[in-house]
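In what comes next, subunit A is part of two complexes: it sits with subunit B in the first one and with subunit C in the second one.
Right, the complex of A and B next:
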C-alpha cells in the first residue's frame, strides 16, 4: 500500500504493489476511492446564488435544484483560480468543491451579502464509486431510486442507515457516483458499499489508478495541467477557461461576474493557448529506444512532469503537462497546451522523449483532449 | 428625466463640480436632499434657536482660483482677511493668524527665539509654495499608468522643485515623510506653539504627532491656507448655490440617490430614474462603490481597494448652546486647546484600543461671531471638535458614555474660556458614528478618507485616482479624491476638468 499527502490528508496512492488492477476495476467493474481531502464548502442563504454568480464563470442561477454542475472561477483578469463542482441542494443551499482552499475568496466576495459560507472539508467525507458496474452497486446500497439518477444529478439517500447525498459525478470519465456523508458515518458507509460491491468485483482504488483514468478522460488538474492564478509568479503561467477547454462553461451574457470583461475580450480576440490531447506515435517511440537496444520505456503510471512540444519544423509550440500509457486504449497519451495558430486538430507534432539520457523528438497526433468517453457515462 | 450630467451630493465639491460643468455648457442636474446642501458644512438646529455650522467650517483652504473661475465674488462672497486662531494654553495664550509679523509678535510674548524662528518658518513655506501648490491644484500626476503625455507634467514638477535651489529642495523631500513631532521640534521651543501648529495636521488621519507622514499634512495645510470668507462656510455654500443657479444647474432637492447605474443614470431614493450618460459622485468612494452600487458590478480588485481605503473617523463634535457672549483673545473666532505635542499623542493613544482619552484636544469654533443668526441675540453657538474619539467605543456609545464625555469637555472649556462657566444651556454630541449617519461619510471620517501618505496621491485607488472610474461615465469628486478632504473645492474643480477632457467619449 502506498500513501501520499493530499491537502494535508494521508491518501492512498495504490492499495496494491501496482495500481493496474485498481485501474482495471475502474474500467471493467468498479473502484471505490476515498476523495475526502477535496475542499468542500456549503453556501447558504438568500444571496447564495448572487455570491456564486459573482464568483463563478458559469451562470449558477440556471442550475436547478437537485443538479450538479462543473465550473471554474477566475480572478479579475479572467485567469482561472480553480475548478470544481457546484451542487444545488436546495433553493438557497449549495455545495462547492475545490482543489485548493477558497474560503477566504468566497468570504471576501460576499461583503454585504446575506449568505453563510462554511468550510465543511473536515466534517464531510466523500467516496467515489466509479466504473461500469457502479450503478448496480449504488442501487443495492442506496436503493432503487438511484438507478434512474441522471448524469450530473443529485439525490438524498440512506446507506447503512446514514444520510448521504449521492451525485452522479466523477473524475474517471466513466459511469460513476460520488457519495457525500458526515465523517462519523463514513466508515459504516464504506463497509456497506464494499459489502454490496463484492458481487461486482468492486475494489478499493487509489489515486494512481484515478490519475490514469483522468488522463484518458482528458480532465484537467489544478497544479498539474494549469496553475491557479494565485500561485503564478508570471502572467504567462496563468490560464483562462478558454485556454483550458472550459470555454463551454463560461456564461458571458449575463450580469457582471469576476473576470467577465477580460473573458469577453478574449472571446472576441481569441485565446493564446489551447488545451489538446496528444497520441504519441508508438512505432516512432519504440524506434527511439531500439536505437539504444532498449525496450520502449513508458512510465509505470501517469506522469506529470511537463515536457516541451514542437512543431514538425522543430519550433516549440507548447508543452505536454501530463500523460499516461492507456492500458485500455493501448495508446501512449498526453495532455498538452499548445499555442493557437501553430497547429490544427489532427496535425502531427513532436513531443520530447528522453531515452538513455538523450533528448529525442517523437511524433504525436493532436486530438481533442478526450480519449475515452463511453456512452454509459451519460446514459 | 434626462440630462447631460447628474452630480450627486450637494457639498462644496459637488456644487463646485456642478458649477464648472454647467459653465462649460453641460446640462447639469444636482441631486441632493434639501437639508444636505452644503454636505459636511450643512447647518442644522441642535438646540432651539441655536444652529450648528456643520462639522467642517474652515474655509481658509478653499482655492482662490476657483473663486475667480466661478466669479463667486459676484455672488457676494467676500474674503475675510486673515483668520485668527487663539491658542489657549494653561498659562500662556497667544493668537496665530495668517499675518506673519503679527503672529511673530504674539509668539514673542512667550518666546523670543520662537518669534524669530516663526518668521523663518513662514518664509520657508512661502518659498516652497509654488511647486507644492502646482501639485495640489492640478489633476494628480499619473503615476499609475503613465503614458508619454504624462511625463511632461512630471518633468514640470521636477523642474519646479529644482528651481527651489538645492537646500530647499532637499528640505521638501526630507520633510514630507517625517513625523510632525520631529519637524516642529527642530524649529521651536514653545510647547503650546508646536501643539497648535501640529493639531490641525494630525487630526485628518489616524495619527498622532509621533506618526510618520504627518508632516506632509502640515505642509499641505501651510501651503494651501488662505484668507477664508466672511460668513464662513455658510456664505461659501450660499455663493456656490447661487453661482450654480446662475450657470443653469437644475437642483433636484426633493430626494437623494439610492443607486448608480453607470452610463445610464441614477435611481433616486423616491424610486425615479434620472437619466444621464455622465454621473459625477460627490460622495466618498466607499458610499459610491459599496453602497450605491451592487457588489457584482465591481471587480474584486476595485472592491478590495475601496474596502481597504481607510476611513476611520476619530473626531467628535460637541455643539454647545451658550447663554451669553463668548469672546476669544484677539477677537479670534477659533481656539485650540492642546498644551503640547505629547498631550496630542496621549489623546490619540487610547482610541487605538477603543477607549477615550483623559484629556481630549479641542478645536473651538464660534460660528455666531460670523453668522449672528446662528444663536439668539445675546447668546452664542459654539462648535467644538474633539480629538480623539473612537468610532467603536468599548462598551458602546451609551448615554452614560456620551454624558461623561460631554461633561469632561465642558469642564476643560470652562477652565480655558471663563465666560462659559455655568453658561452652557444645551449640548449635542456627535460621535464619529453620529457624524457618519448625519453626513453620510464612511466611518465618520470628515475628510472622506484619511490623509495618510499612501492615500494622498493615489486617492482612493489606482483605477480611480484621476477622478475617472472603471465605469463609463462615472466620476468621483469628493474629498475622497485628490487632493483630499476639507473645504477646498479642488476635487470638485479637478474632477469637472476630467469630465470635460473626456467629452469626446460621452
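Right, the complex of A and C next:
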C-alpha cells in the first residue's frame, strides 16, 4: 500500500504494489476511492443563491434542487481560483467542493448577506464509487431508487442504516457515483458498499489509478494543469476559465459576479491560451527509443512534470502539464496549454520527451482534451 | 454478434475473404481501408473462428477456444482503431502453479514477491529469474523484427529479399555472441533442457516449460520446444514484453472489434454462409461458390482457413501442382489439445493456504513436475488422451465481471494432450468425450477439492469437436504446428510463404502463414499489405 499527503490527510495512492488493477477496476468493473480530503462547504440561508451567484462564474440560480453542477470561481481579473462541484440539497441549502480551502473567500463575499457558511471538510466523508458496474452496486447498497438517478443529480438515501447523499458525479470520466456521509458513519458505509460490490469485482482504488483515468477523461487538476490565482507570483501563471476549456461554464448574461468584466472582455477579444489534448505519435516515440536500442519507456502511471511543446518549426508554443499512457485507448496522452493562433485542432506539434537522459522532440496530434467518453457515463 | 446477414448485397467484389476469424477480418479491414470492395464470408452464424465468445450456458460467456491475448500486434490495434470499435484488454498479472498438498508457486507482477516465492523452492533459481527474463526479452526483441515483416525468402536474388536478409542479419549481428548462441540453442533444444541451463527447481521448470508445448504434438523434453517457449514470451502489451491479458467480453470481442473496423472502412460481412469451393477458371481464382449454390465473383480470393482445408477441400488437388499437394499433405496439423469450459456457481477454492484470491486472477498451470508433463505426453504418443493432463486454466470472470452473472464464474481449461488421432480413430471422439472431460475435472479436483460442487454447466471440446465447429484441420489451434520446419519462409510450405498460392488470384491470410498462430492478427495484416503492395488486389 502506498500513501501520500492530500490536504493534510493520509490518502492511498495504491492499495496494491502497482495501481494497474485498480485502474482496470475503474474501467471494467468498479473501484471505491476515499475522497474525503476534498474541501467541503455547506452554504445555507435565504441569501445562499445570492452568494454563490456572486462567487461562481456559473449561474447557480438556474441550478434546480436535487441537481449538481460543475463550475469554477475567479478573482476580479477573471483568473481561476479553483474548480469544484455545487450541489443544491434544498431551496436554500448548497454544498460546495473545492481542491483548496476557500472558507475565507466565501465569508469575505458574504458580508451583510443572510447566509451561513460552514466548513464541513472534517465532518463529512466522501466515497467515490466509479466504473461501469457502479450502478449495480449503488442500487444494492442504497436502494432501487438509485438506478434512475440521472447524470449530475443527487438523492438522499440510506446505506447500512446511515443517512447519505448520493450524487451521480465523479472524476474518472465514466459511470460513477459519489457517496457523502458523516465521518463516524463512513467506515460502516465503506464496508457495506464493499460487501455489495464483491460480486461485481469492486476493488479499493487509490489516487494513482484515478490520475490515469482523469487524464483520459481530460479533466483539469488545480495545482497541476493550472495554478489557483491565489498562489501565482505573476499574472502569466494565472489562467482564465476560457483558457482552461471551462468557457462553457461561464454565464456572462447576468448580474455582476466576480471577474465578470474581465471575462466579458476576454470573450470579445479572444483568449491567449487553449487547453488541449495531445496524442503522442507512438511510432515516432518508439523510434526515438529504438535509436538507443531500447523499447519505448512510458511512465508506469500518470505524470505531472510539465514539458515544453513546440510547433513543427521548433518554436515553443506551450507546455504539456500532465499525461499518461492510456491502457484502454492504447495511446500515449498528454494534456497541454498551447498559445491560441499558433495551432489548430488536428495539427501536428512536437512534445519534449527524454530518452536515455537525452532530450528529444516527438510529434503529437492536437485534439480536444476529452479522449475517453463512454456513452454509459451519461446514460 | 449474430446480426450479420447470410446473403451478400452484391455478386461481384474486388476481394472475397473466406472465413470470418480474426485474421480474415483483419485482412478485410486493411483491404477495405485501401478502398477495395471486400466481402467476408463466414460459415458459422457467429464471427470469430477460433477467437470467439459464446454464451454456451445461459448467463455465462465462454471464450470457447482461444482464451487469452498477448501476441495481437499493437500497431494493428492503432492502425485499425480497434479500441474505438470496442477492443479492451485487461492485463493478467500472476502465474500460479499449484502443487499437490502444499503451497504452490505464484509469480507476481512484483519482482520482490516473485523472488520470495521461488526462493521457497530454490534460492539460486530466485536470484537467476530476473536474468532469464532479461535474456528472453532481448531475444524477443530480435524475433519481433521477424514477426512484424513478411518472411524473407533465402533463395531469392530479388534485391528486396536480399535487403531483408541483410537487415535480419544486422539485427542478428547486433545481438552479442552470447545472445546469438542462446538463439541457436533456443531453436534446437527442448524446453526442459533449455530451462535447466538456468533453473533447477520444480514446479518452476515444468510450469515455464509448459508454454513450450502448447499447440504442438511434442513433449517438454522434445527438441524444438524451446522455440515455442519464446513464441509465448514475445507477448507484448503496451510495449511490455511477456504480458498477457483477457479481452473484455471474451476473446470473441477481438474479432467483433476487427469486424466493426472492417465495416467502418466499407467491407461487407456475411455469416452463416459457408464456401463450398473456390471457382477456378484457366488456373485462376475467379470467385467462390457458397454451400447454397450462390456464386460470388471476385478478382481476388483470400482464404483465412488452414492450408489443408484451403487447398485440399476448397480448391481440390486436381487444380494444383503435384509437389505442392504433396507438401500440403505433409504439413503437420496434428491437433493435440482440447478445451474444457466450466460455468461455476461460485469461486472454487484452491487449497493453498493463501489469504485471498489474488493469485487466481492470472493463469493457473497444472504442471507440478517435469515427469508429470512428460508422462502426459507418453499417453498421447500412443493414441490416448492424458489421464492427468497438462492444464492451463484461467478464470477471466475474476477480472472481467461481464462474462458471468454476479458472484458466479467461468473457468476455462486448456488441456494437453488430447490427440486428434486417438487409437480408436478420430471419429470415435464423441464416445470418449465424456471420459476426457471427467479426466480434466478429476485433475483439477486434486488441487481444488470443491470444484465439482461449483459446476453448473460445462462444455468439453476434443480436437475432433474443434475441427467440427471451427473447421481447423485436426483441431490444431495454430492452423499447423509452430515447429521450426513450418515457420517463417517454410510456412506453410517452402516457396509459398508469401501469402500467394499456385493458383493466380488465390491468396492465404490465416495462421497457417507467417508468422503463425496465437491471435496475432499479423498474418491477416501482412497478407493484405503484401497484396496491396504487389498489385494482387
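In this section, the second predicted complex is superposed on the first by the 379 of 379 C-alpha atoms of A that agree within 3 Å, B and C clash if a C-alpha of one lies under 4 Å from a C-alpha of the other, contacts with A are read in each partner's own complex, and residues count from 1 in each chain.
Methods note: contacts are C-beta pairs under 8 Å (C-beta built on N, C-alpha and C of every residue); 3 or more make two chains touch, one makes a residue touch a chain.
Only a predicted model underlies this, so the values are computations on that prediction, with no experimental measurement involved.
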Worksheet item: Based on the superposition on subunit A, does the combination of subunit B and subunit C result in a clash or a fit?
Response: fit
Fill in: Partner chain(s) touched by A:75 [first = subunit B, second = subunit C, both, neither]
first
Practice prompt. Mind working out whether A:327 is in touch with subunit B, subunit C, both or neither, as first, second, both or neither?
Written response: second
Worksheet item: In the superposed arrangement, which partner chain does A:199 touch: subunit B (first), subunit C (second), both, or neither?
Response: second
Worksheet item: After superposition on the shared chain, which partner residues are touched by A:314: those of subunit B (first), subunit C (second), both, or neither?
Response: neither
Worksheet item: Does the superposition put A:53 against subunit B (first), subunit C (second), both, or neither?
Response: first
Item to complete: Check the residue A:17 against both partner chains and state whether it touches subunit B (first), subunit C (second), both, or neither.
Response: second
Fill in: Centroid geometry (CA): angle subunit B/subunit A/subunit C, rounded to a multiple of 10 degrees
170
Item to complete: Would you sort A:346 into first (subunit B), second (subunit C), both or neither based on which partner it touches?
Response: neither
Worksheet item: Who wins on subunit A residues touched, subunit B or subunit C?
Response: C
Discussion item. Rounded to whole Å, what minimum CA distance do you find between subunit B and subunit C in the overlaid structures?
Written reply: 47
Worksheet entry | Footprint overlap on subunit A, comparing subunit B with subunit C | none
Worksheet, complete the sentence: Within their complex, subunit A touches subunit B through residues 50, 53-54, 75-76, 108-109, 111-113, 255-258, 261
Worksheet entry | Contact set on subunit B toward subunit A in their complex | 290, 295-297, 299-301, 303-304, 307
Practice prompt. In the complex, go through subunit C and note every residue touching subunit A.
Written response: 74-75, 77-78, 83, 88-91, 93, 108-110, 113, 141, 174, 238-241, 248, 361, 398-402, 406-407
Worksheet entry | Touching residues on subunit A, where the partner in the complex is subunit C | 17-18, 20-21, 24, 27-29, 133, 136, 198-201, 282-283, 286, 293, 295-298, 325, 327-331
